[in-house]
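Across the two complexes that follow, chain A remains constant while its partner is chain B and subsequently chain C.
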Partner chain A sequence: MQRKLISGISGILIALLIGAVIMLFQGYEPLQTYGALFNFSLFGLFPLATTLRNSVPLILTGLSASVAFASGPINLGQPGQLLMGALFATVGGLYLDLPPWLLIPVLLLLSMLGGALWSGVAAMLRKWFNMDEFITTLMLNMIADFFTYWAISYPFFDRSAYSPMTPQINLNGWLPIWGEFNSNVLVMILAFVVIYFVFNRLTAGYEWRITGQNSLFARLGGIKIDKNYVTVMLVTGALAGLAGGLVVMAGPHRFLKGLGANYAWDGVMIAVVANSGLWATLLYGLFFSAMQTGSLGMELITAVPREFIQVLQAVTVLVVVAGRGYLDILFDKTIARRKARERTV
Partner chain B sequence: MNIFTGLINGMISGATPILLAALGGTFTFYAGIFNIAMEGMMLAGAFFAVLGSYYFNSWLMGILCAILGALLMALIFILFAVTLKTDEFVTGIALNLFALGATTYLMRQIFNVKGAFSNPGIVPIPRIHIPLLAKVPFLGEILSGQNLIVYLTIVVVFLSAFIIFKTRFGLRLRAAGYNAPSLDSSGVPSASIRTWSLIICGILCGLAGAFLSLGYVTLFSENMSAGRGWISLAAVILVNGNPWGIALISLLFGFTDGLGLLLQQYMPSQFTSMVPYIATLIALYFYSIQARKRKA
Partner chain C sequence: MQVLIEMKDIIKVFPPNVVAVDNVTTDFRKGEIHAIVGENGAGKSTLMKVFYGLEQFNQGEIRYLGQTVRFQEPGEAIARGIGMVHQEILLIPQYTVWENIVLGAEPINFLGVIDRQRARQMVQSKIDEFQFNLDIDAKVDDISVAARQKVEILKLLYRNVSVLILDEPTAVLTPQEIPQLFNELRRLRDHGHTILFISHHLEEVLTLSDRITVMRKGKKIATVQAEETTKEELAEMMVGRAVLFTSHREKSNPGMEVFSIENLTYVDGTHHTRLENINFHVREGELVGIAGVEGNGQFELVNSIMGLIRVTQGKISVNGFDITNAEILERRRYISFVSQDRGKMGAAVKASILENVMMTHHRLNPDFTTWKGLILNDQFARQFTRQIEQQFAVVMGNQDNPFRSLSGGNQQKVILGRELLLDTPFLLLDQPTRGLDVGSIEYVHETILKMRELKRAILLISADLEELFRIADRILVLHRGKIAADLPTDQTNIEQIGYLMLEGKEKNLAKEAN
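For the complex of A and B:
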């Protein structure tokens, strides 16, 4: 735990340092920029609430990728699953008319269904035809991208709009907002708790983890790998789909073009940088969200374009992951040296 | 007849970027690197091609800058995956997103635009008209008048096959992937072979990117590689890296690309744009069926 903390924090600091060097190179003030970045994302009620709200799709897709990677399947389909989840929730919200206490859970379930359906396609292709999910999920991402684009341009198009988008969903399907805080955070926390419990306390989660670490051992131990594979794909798809549903229900309340943004790929990066740890996914998700949220303020104050954050994120991932391996070697070395010294004394 | 030549020309220009990137990928495939960064390298190439062409008013500088830009990505890959021994998959994903972020950021920073940059000042790569061939009926429209990069790509296919299978470097390249320790113990550091394979991959992806932004169209738009790097990865895996197979598969993908354009008259463009990706899935299906037969 301590090691992870040290490698994470030192990695982030080095990445910020590299970012500062790039900024200096371009003639910006790094200190002022970082000041603005974190001022607009962490300090104060409104910035903090915004960071929390924005972190929801990142953390959920991150969890989806983390659970998948830790259990074996290389599910890279979060972008597509998110879009399908969002589409399902939107369509449900357009045509269903229920009281809020019923409609909100129904829409959330629909979004999970949409995501699970899309990851299920990849899971079935793997199960029946032994097609590598690594590539099929990527292709399904592109297909989902075009499919949802079609869906919002033709069948569910809002006739009063100028660009492809659906009408707004039923008012009863909007997630409640209390003051500054959006209740999508509660759904995310609930999902996190459930996944954490399943992953760490239930037999199913134990089986997934063992399969991820050593599938041969798991198979010899009597774990049904194929069945678990499908379950993990469906669960991770549902998580990504939920992220999409929440984006619609908490934000624009409709499906607009470009709705998925880069959430899902950022989620994959978060899972990678968190080394598929669930707590680490949560923390890095918050950190990435803070950077993205603050970037608007940063652009306003210091004229550093917002897209700079995307660069900084990728640098953070590379540095933290590379540093992790390096630090491990360093730690092991010092421990070995200390032991050697103790023995000579 | 017009539709037919249009389809073939569409196939060729659709296949070219995928083929170039896949040939780059095949070098790293043989060197035993799980390289998924073609997408990012291509995108960087496409951006720097426009940058070079615009500032120097020359397509040649555009191509050079594209190669340099993609090489920069390859160097980052080398630094992390080969030197620091970071996981290749992680490095690839981060690099792809880095390329996406960096090109968007630089486009905004340098050209002050969002989304796409097009300008009459960007010099496209010329089409080459071959004097005698152009006169041949029907075939002339296909064989002559293609983009310079298309002809270059054909040369690269032959060259790649030659280098990989007929030269000493190719032997070492395959050895690096097949059995790195024995290559190391024979006195050839496998790390340096891997480095070279990545450099070659960078150059070819740079060319692919230059074709995208200076040949296929004359502009740069955000994320314009649009999954082509992934398709090229699928192509490499499908034929186990064989350059001839890659050429064939790329033409097939290019064909679906052209077919999509043709079908646009009959159905919404969103569906026709899906065609190459669905074709990839179908190709993967046949691959896995064959792989199963081979095992049985």
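For the complex of A and C:
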């Protein structure tokens, strides 16, 4: 645990250092830039609230990827599942008329259903045709992309709009905002608690984890790994779908072109950096969100373009992932060398 | 005799803190067969690997031919005339014998093309020189394991190696093939080669070697002349205490039939018949052993009993229940299973000890869960793990440590504990002592015999004939997917079983008389 914390924090610091060197090389002022970056993402109520709000889709898709990777399935379909979840929530919000206390949960469930349905397609393709989910989920991303684009261009198109988008959903389906804070964070925290409990305390979660580590052992132990595979695909699809629903219900309150942005791929990246750990996914999700949120302010104050944050993210991934393995080897080798010296007579 | 290799205060620590070789000082002389014996994990292979350049040592000095050396990689060692034959045979099966031997050091003609004729001649002359009795044009795929091992040795001789390191060369051989290897090694010695021979089979070490170095827990215990020592003395040095070589096996008194296989046939996806018309049964309180050279159907037999493959024909039943096509969880109500490969089938090595102990119990024993099997009962699982720790004398530390932090012997104890406490009528043990040290093997055998007393029906698959003769009541020989013999242990001997394993039929005595 401690080692993980050390390697995580030192990884981030080294990445920031490398970022600083890149900035110096290009003639920018690193300290001022980082100052602006974190000023506009962490310090103050509004920046903090924005960072939290923006972290929701990153963390939920990150959790989806982490749970999938740690249980075995290589579900890379978060982008598509997010879009399908968003579409389901939007359509529900356009046609259902319920009081807020009922409509909000219904829309959340619909978004989860949308995501699960989409990952379920990949699960069925594996079950019936033995097709690798690694490929099918990637392909289904494309289909979801164009399918939702069609849906918002034709059947659910807002006729008063100039570009593909749906009308706004029923006001009762908007997530409440308290001061600066959007309640989508609450939903995310609730989802985190539930998935954490399922993964670590439930019999099912135990079976997923063991299957992810050694599926032959799990199978010989009597675990029905095929059934669990389908469940994990559905659950992780639902998580990504929920991310999509929340994007709609917290933000533009409609499905517009480019809604999915890069959330889901960032989420997959976060899962990789977090080594599929749930807590680590939450923390890295917040960190990445802070960088993305602060980048706007950074661009405002300094001459450094927003795109620089993408460089910084990539460097963080590389340094943390490479450093994780390297630090372990380094720790072990140092101990070994000390022990060998002690033994010398 | 001239001292060829001197090692002084060698220390090797595997990161982070496994001291594999601990201040070893020893020497090897030119033209001797020098055995290095010790239990698994005693450091004998590691000592040879640091000399050979496969591993780097942390402290100490090695002198070879009077010069200080430190090989960075095996290539440097081979260039200086030192070669090592590993336990696993690394040849290209599609190539012929001579092609494998010259591979990487081919003689080339003036066109830059391999000079086949010269290559074959060079290989043949080596074979003749040492009387290796090998067809150089045979495909490696078609020759026996013993012949493949000869090819490995020839590969090194072809490269003019004069120091040969052999890592447990007899482990892959049948009892009949061992004397031939030993004759060849003696012939090599008489030609002036030096042979370093890693083993833990004391009898073969005593027959073959000139001097013996004993290691225990990374330390060198002693170097002795082979003719001046005994098996008992070596064993005591190896283990650190006196070892009993005879088991006190009581005559078993088998009861009702528990496990049975009828007319079992398995044809695999490539239309090879892997198991053919297998019939046998195991009674309660009976320990049936299955002997056979690896790859004669043991793997398929285990997989069909466990439900990993679907049998083509036949019936498997326990206590009268037909489990031929049952789900694995259903089978596990009747079958405890200890696999030969702990890391692949027996455990999730990165998961915690606790999580490994819970497996299968979490579905079969309602105490492991609450809320109708939905939520894990962590407290009960921890208590259960402590029970295994005490009952099976496991050195465990924290239950939340990863399973792989345990030593091999302790890992096997945990697995045995988990499986035996399933309380099933039938135990399937697939090489349960593979890779364990003498002390742990003794413990596993005692545990198995205890289970037999408790009226369990036990099927033991083993590649170690001594093990079968020590504890089994009956021995079945598996040969090319068929049962070649079914003999009570007290009415047969190792030589007979060894012959059956190789030939699949009884030795023709009339022919022998000729």
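Note that in this section the second predicted complex is superposed on the first by the 336 of 345 C-alpha atoms of A that agree within 3 Å, B and C clash if a C-alpha of one lies under 4 Å from a C-alpha of the other, contacts with A are read in each partner's own complex, and residues count from 1 in each chain.
Heads up, the rule we're going with is that a contact is a pair of C-beta atoms (placed from the backbone, for glycine too) under 8 Å apart; a residue touches a chain by one contact, two chains touch by 3 or more.
The structure presented is a predicted model; accordingly, all values stated were derived computationally and were not measured.
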- For A:89, is the partner it touches chain B (first), chain C (second), both, or none of the two (neither)? neither
- Task: Name the chain, either chain B or chain C, that contacts more residues of chain A.
- Result: B
- Query: Should A:337 be classified as contacting the first partner (chain B), the second (chain C), both, or neither?
  - Reply: second
- Contacts of A:238 with chain B and chain C, given as first, second, both or neither: neither
- Regarding the shared-chain residue A:142, is it in contact with chain B (first), chain C (second), both, or neither? first
- Residues of chain A touching chain C in their complex? 201-204, 206, 209-210, 213-214, 216-224, 329, 331-333, 335-337, 339-341, 343-345
- Query: In the complex formed with chain B, which residues of chain A make contact?
  - Reply: 26, 125, 129-132, 135-136, 138-143, 146-147, 149-150, 153-154, 262, 265-266, 268-269, 272, 305, 307-311, 313-315, 317-318, 321-322, 325-326
- Please name which positions on chain C make contact with chain A in the complex. 9, 11-17, 19, 22-23, 58-59, 306, 308, 327-329, 331-332, 337, 339, 344-351, 355, 358-360, 362-364, 369, 373-376, 378
- Contact set on chain B toward chain A in their complex: 76, 80, 84-87, 90-91, 93-95, 97-98, 100-102, 104-105, 108-109, 226-227, 230, 233-234, 237, 268, 270-271, 273-274, 277-278, 280-281, 284-285, 288-289, 291-292
